[in-house]
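Below you'll find the structures, each written out as structure tokens.
Below are two complexes that have chain A in common, paired first with chain B and then with chain C.
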Partner chain A sequence: MKQHLYIEMDNCIGCRSCLAACTQCGGHDERNRNYVYDVNPLVDRQTIPLMCLHCVNPACARSCPAQAIQVTEEGAVLSALVEKCIGCQNCTIACPYGIPKFDEEQNLMYKCDLCYDRTKEGIPPMCASVCPTNTLQWLTEEELAAKKAQHQMGKWTASRDFLDPLEGETNVKISLPGIIQGKQKLFV
Partner chain B sequence: MDRAFASKFAKSVFLTVCGLIVLMYIGSRFFTHVDLALYGYMVGTVVFICGFFYRFIAWGERPPTKIIIKKGIKLLFRKSTPKTSADHLVTYRFIWNRGWWRWLQHILLGWGCIISAMVTFPLVFGWMYFTMEDNGFYTVVGFGLDIMTIPADGFLAYLFFNALNISAFMVIGGVCMALYRRIKNMQAKAEQTFVYDFLPLYLLLFVSITGLLLTVSNMFLHGWGHPVMSLIHQWSVIMTLIYLPFGKLAHIPFRPLSVFARNYREHYGQQAMKPCSVCGTPFVSMEQSGDVVDVLKQNGMQFNMEDGFNLAELCLPCRRKYRLSRFTGIPTHTIPVKEANQNAKG
Partner chain C sequence: MPKDKFFKEIANKTHPNEKLVATHCSYCGMQCGMNLRVDTSSNKIIGVEPRYDWPVTLGKMCPKGVTAYQQTNHKDRLLRPLIRDDASKKGTKEGFREASWEEALDLIERRFKELQAKHGKDTLSVFSGVSMTNEKCYLTGKFARLALQTRYIDYNGRFCMSSAAAGFLRTFGVDRGSTLPWTDLHETDCLFIAGSNTAECHPTSMFRIWEVQNRGGYLIVVDPRETPLARRADIHLDLRPGTDLALANCMVNLIIQNGHADKSFVESHTNGFQELLEVVKEFTPEYTSEITGVAPEKLIRAAEIYGKAPEAVVMFARGIEQQHKGADNVSAYTNMALVTGKIGRPKSGVATFTGQGNGQGGREHGQKSDLLPGYRKITNPKHVEEICEVWGLDPEEMPGPGVSAYEMFELMEQKTIRGLYLLCSNPVVSAPNVNYVRAVMKDLDFMVCSDIYLSESAEYADVVLPTTTWAEDEGTVTNLEGRIIKINKAQEPVGESKPDWQIEIEIAERLGRGKYFSHLKTAKDISDEFRLATKGGYADYYGATWEKIDRQHGVFWPCKDEADPGTPHMFLDKQFYHPDGKAKLCALPYRPPAEEPCETYPLRLTTGRVVYHYLSGNQTRRIPFLRDMCPEPYVEVHPETAAAYGIAHEEVVRLHTRRGEMSCKVKVTEAIRPDTVFVPYHFGHDDSVNLLTIPALDPMSRMPEFKACAAQINKLESASSPLTKATGG
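Take a look at the complex of A and B:
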């Protein structure tokens, strides 16, 4: 059963639990690989989490001279294989979202791997398991379809959807901040 | 010249094998000192050369690899190359920074393999052999030249004769450490597969143990079972050689590319840095930025934004903030506030 990480952007309160949880994932070496950004920092307190969106056709892997970035059957784009990564940092330049991090000392790229040790067993990634506001969720295809249907209001969607906010298809699904909010979004 | 061969592969293999034969001819004093008991390794090496070029050429055709190889060769004679090579290929300093356990494991495995290769292949091709002119003294002949004369029961001779035993113990130690890590480490456990991660370790273990059994047979069993065991050992080495270019061990011949990559970043970084199109911070060399954009274009990806820049021209924080602006419509990337609180302490 394929499951997806789903980001309900409206819900984020900027607590950064996801960052802290990320450090605790097995093999993450106590370093977080995700981000939380203020949307309009001088005006309000809205925040949005950002992590690897696990592209179906990942630019990082395409730009890697060493074929170090592997994509799993489940669609998770893994950190560079330690024995292959040659430290050129092409991936950090290629990624359209600016996600991969680079460790100069270890000469090694590392990034969100969707907590592969957990998600391959169907357990939600660390960030989604701790998110207190359901901003980050771990959904099956059916649940995802139900969400989408819920946000559909006749011809229009509740979410801002009139331009494609991403570069190509991704395995992580997002729900943009909406204009018509409230109805059911907070508790779904 | 190019038209004489059916393919780049055919040309590379033919020239390499010819070069090897010429080196054998010179090194073994005109084929007079080839140890034919080792001919299996010779055939194995030729098969390895075929596999290596097949894999290497296929890999080198990928657009990003092609660029790094081409520019890396051009920059090979930088002043920093010897130091970078020593750090990356001899002392593995970057692995030390990943932890002492992994470093020790890799030193044992890496140098165990390198030492055995440096002993085995010169013996196979007749580049190194021993002669005895005076009783009790061996003359070490390297590449047809008398290198030194050593007492047959001396310490140096002991090291020479036992080099493969010592390296076998190094490899066995390294393999055990690696296997232990694969059982314990969470990340390793999540990502490892039998064929990719365990098979090479078992192959190395097989080679080392069968090699050591030859010594056991000599020392304790008066050579009992030696002919059979030497065939099994030979077979294990040939299997490993055939496997080498295709699995995890392929990083051995490919790893020198990390020196290319370092030179590439250092050289072009000194020439001109690319300022971020939004905040103006230099973040990567002009050359690399251009190369990545080219590579992505060849892969059918062009991240040219309506705002008039390519995403590869934005520094990483600006690129992330720009994504927020695409999510919300608020131009987060143009708001001059530094990203705050992004590193959780584990």
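Take a look at the complex of A and C:
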């Protein structure tokens, strides 16, 4: 059963538990591979996480001259293969979201692999497992469909279509801030 | 308890050559479920896995929880006892030498006996904490009363939960921090949250809180700062620090005026309505706005929403409790639930966010200066007799009530107390007015500190004893819901460290009091005696066996016997714990903070927490991820205030109050009132904001007013201006 990482940015409290948890995934060498940004730090406490969106046609993999970036059948875009990566850093430039990180010492790109050693067993990635706010969720197709009905994701998400400034369809789905605006209240 | 909507059946991730030990976090009152990863060849803790089947938190953890496992095999662990022969080095890390347990305990025995022979039993004191199991908390109370035979024991809950306890006792006649389980929270229609930076202090509550809004319910937040919780609130009541009592009275006044009071509930189940009405009626939105600085229309709308909500929960935390009227604030906000009858049923009620891991259980069972196990009073002869029967003690021998935590320091200054046994606490960081606390601790005749690391307070000790982390022992903890849960042992203690209960028993034996302690060989033995000691008290744990805790995913107290499943919801029968079964509506006139801003100290200083640190930071400041995320204190300043003082973002400034001073970087943010500045308190030595805070104590709870005092802010070049010199110190 295919499941999706889904990001509801409005929920983020900036605790960076996702960063701490990323280091705990078996294949991650205790280095985190995701990001949390302060949106407007001098004004308010809004923060948003950014993880690899696992593009259906990933620019990082397309840009790789060594075919070091594999895509699994579930759609997880993996970290560079140690034996193939030539350290050219094309991928870090190609990625529209700035996801791949580069280890100068090892001359090796590393990035979010959607905790593939967990998700291939149907266990949620570490970031979505620990997220205290449900900013990061691991959803079935049906759950995702319910979210789409609720939050008009097509209108909001960064992965809308090729006319969007951010290119292409992604396996990770996003609801941008604003999900509770205009929400029908239980009473007034 | 049925599984809630967030529950998913998820298998645990297993790793080769490892086993998982199901337990809970070492830190806050949420007590998030976690699995510790233990290497089966070294038998050491090496990591963490989510505990997806824990019904309260479902695998979720904050960054402290994710990295908590790193404490146990940390390089800073104390592995052997330390002795300092040169008392002139007190107050520093210098002069300690490693010693055997034999030598350390010999010295403790000799010095304790000498001091008591010369100055009486009460010359010794115990200062304890509640980041440890019920079994340890229980035994520490027994240790003070029976082994040291002193009246002077108190604990760091005086800086944490004592106002909630005092307020609830007065209002309900019972102090269980939450009247309902956390799994109800997301199903309510309105959350009214006052003085809780929930997103940073109890982050794993947040998915339930956001769900209230996702369902179309309301979130009302009372806080001087626009915290990550307040950022998304439907209404943010951005009050001046220390003015909660006026705001709560205004809410009650408007609720009554709007016709949202439940007259039949008030009539049948409460006392004091007329007196309450007399006090709150002057708190019009306009008058309340003058005191609190909150716009009248926001006050009106908040009261309307809470009043209209079919189900609602009033919640609060240290923001309202760490004031010199903290107990009054608790009773005043609780009045909202009682006047509307939104209590004593599922999805409605009142809850405080308990701070420490065992802040609930640790305050119930005899570490408090006037309490005995089961929430019995040491001043009640019947209660004393009940405990003496369990302990095999002549009631005549039971010491009388002592004094509160901060007042113990005053008795140290007066030399009434000359010796201190400190465990599970770091008061030279967490007490108010720490210049004073440091001076009196330095001047003690003899001090023992038990800790896992060399804390800032251990720097004042003559003997430091290495104790175990939470993962090296087992026992129960009572989480913020009032749910008794089980902490499991994941590895053997490192070095020569021992659990605090074992150390206390060994000292008791050396003091010739073994007959009260030597039968306790394991944490389980203590648990069995402890449950018996609570039997018949209103915090009754007698039926909460370890087996039942495992089987039921925890047991809510009271749990009176084997057949009793426990009490997730309090007051379902609308019976409160006062003799007539009614709750007390408290009529509470407003009092301003003990220290209001003046010409010299024009700003309001408030203190609090960040998500990356726990309490005094003795644990979390040693964890690389957490330290990297927040390495030092800072002061939050509104841009208007920063402009007025000519200070810039990240500039280092000097803060002064009448009690002390500190330097830190400025964090400019619009998320704070212009008349208020905020500093997190988790840091030691010169970085401790408690150098500045005021020891104005609540008359009921003896809670210091950490949340409001008057301060000035100075650019560094003007830090030694004549103005400062004239008023400092």
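Following the convention adopted for this analysis, the second predicted complex is superposed on the first by the 163 of 188 C-alpha atoms of A that agree within 3 Å, B and C clash if a C-alpha of one lies under 4 Å from a C-alpha of the other, contacts with A are read in each partner's own complex, and residues count from 1 in each chain.
Criterion: a contact is a pair of C-beta atoms (placed from the backbone, for glycine too) under 8 Å apart; a residue touches a chain by one contact, two chains touch by 3 or more.
Bear in mind the structure is a predicted one, so any value in this text is a computation, not a measurement.
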item	value
Contacts of A:108 with chain B and chain C, given as first, second, both or neither	first
Touching partner for A:19 - first (chain B), second (chain C), both, neither	both
Touched partner set for A:10, first chain B, second chain C, both or neither	second
Touching partner for A:142 - first (chain B), second (chain C), both, neither	neither
Which of chain B and chain C A:42 touches, first, second, both or neither	both
First, second, both or neither for A:123, with chain B first and chain C second	second
Contact breadth on chain A, by residue count: chain C or chain B	B
Partner chain in contact with A:92 - chain B first, chain C second, else both or neither	first
Partner chain in contact with A:64 - chain B first, chain C second, else both or neither	first
Which superposed partner A:134 touches (first chain B, second chain C, both, neither)	second
Contact residues common to both interfaces of chain A (with chain B and with chain C)	16, 19-20, 23-24, 26, 41-42, 46
Contact footprint of chain B on chain A as seen in their complex	9, 16, 19-20, 22-32, 35-42, 46, 48, 50, 57, 59, 62-67, 78, 82-84, 86-90, 92-99, 103, 105-108, 116-117, 120, 160, 163, 165-168, 174, 176-177
Interface residues, chain C side, partner chain A - complex	10-13, 15, 47-50, 52, 59-63, 65-67, 189, 199-200, 203-207, 210-211, 213-218, 226-229, 231-232, 308-310, 611-612, 625, 629, 639, 649, 668-671
Chain A - residues contacting chain C, complex	10-11, 13-17, 19-21, 23-24, 26, 41-47, 118, 121-124, 126, 129-134, 179-180, 183-187
Chain A partner contacts - residues on chain B that touch it in the complex	59, 62, 64-65, 67-69, 88, 94-95, 97-98, 185-191, 248, 251, 254-255, 257-258, 260-262, 264-265, 284, 288-289, 291-292, 295-296, 299, 301, 303, 311-312, 314-321, 323-324, 326-330, 332, 335, 337, 339-346
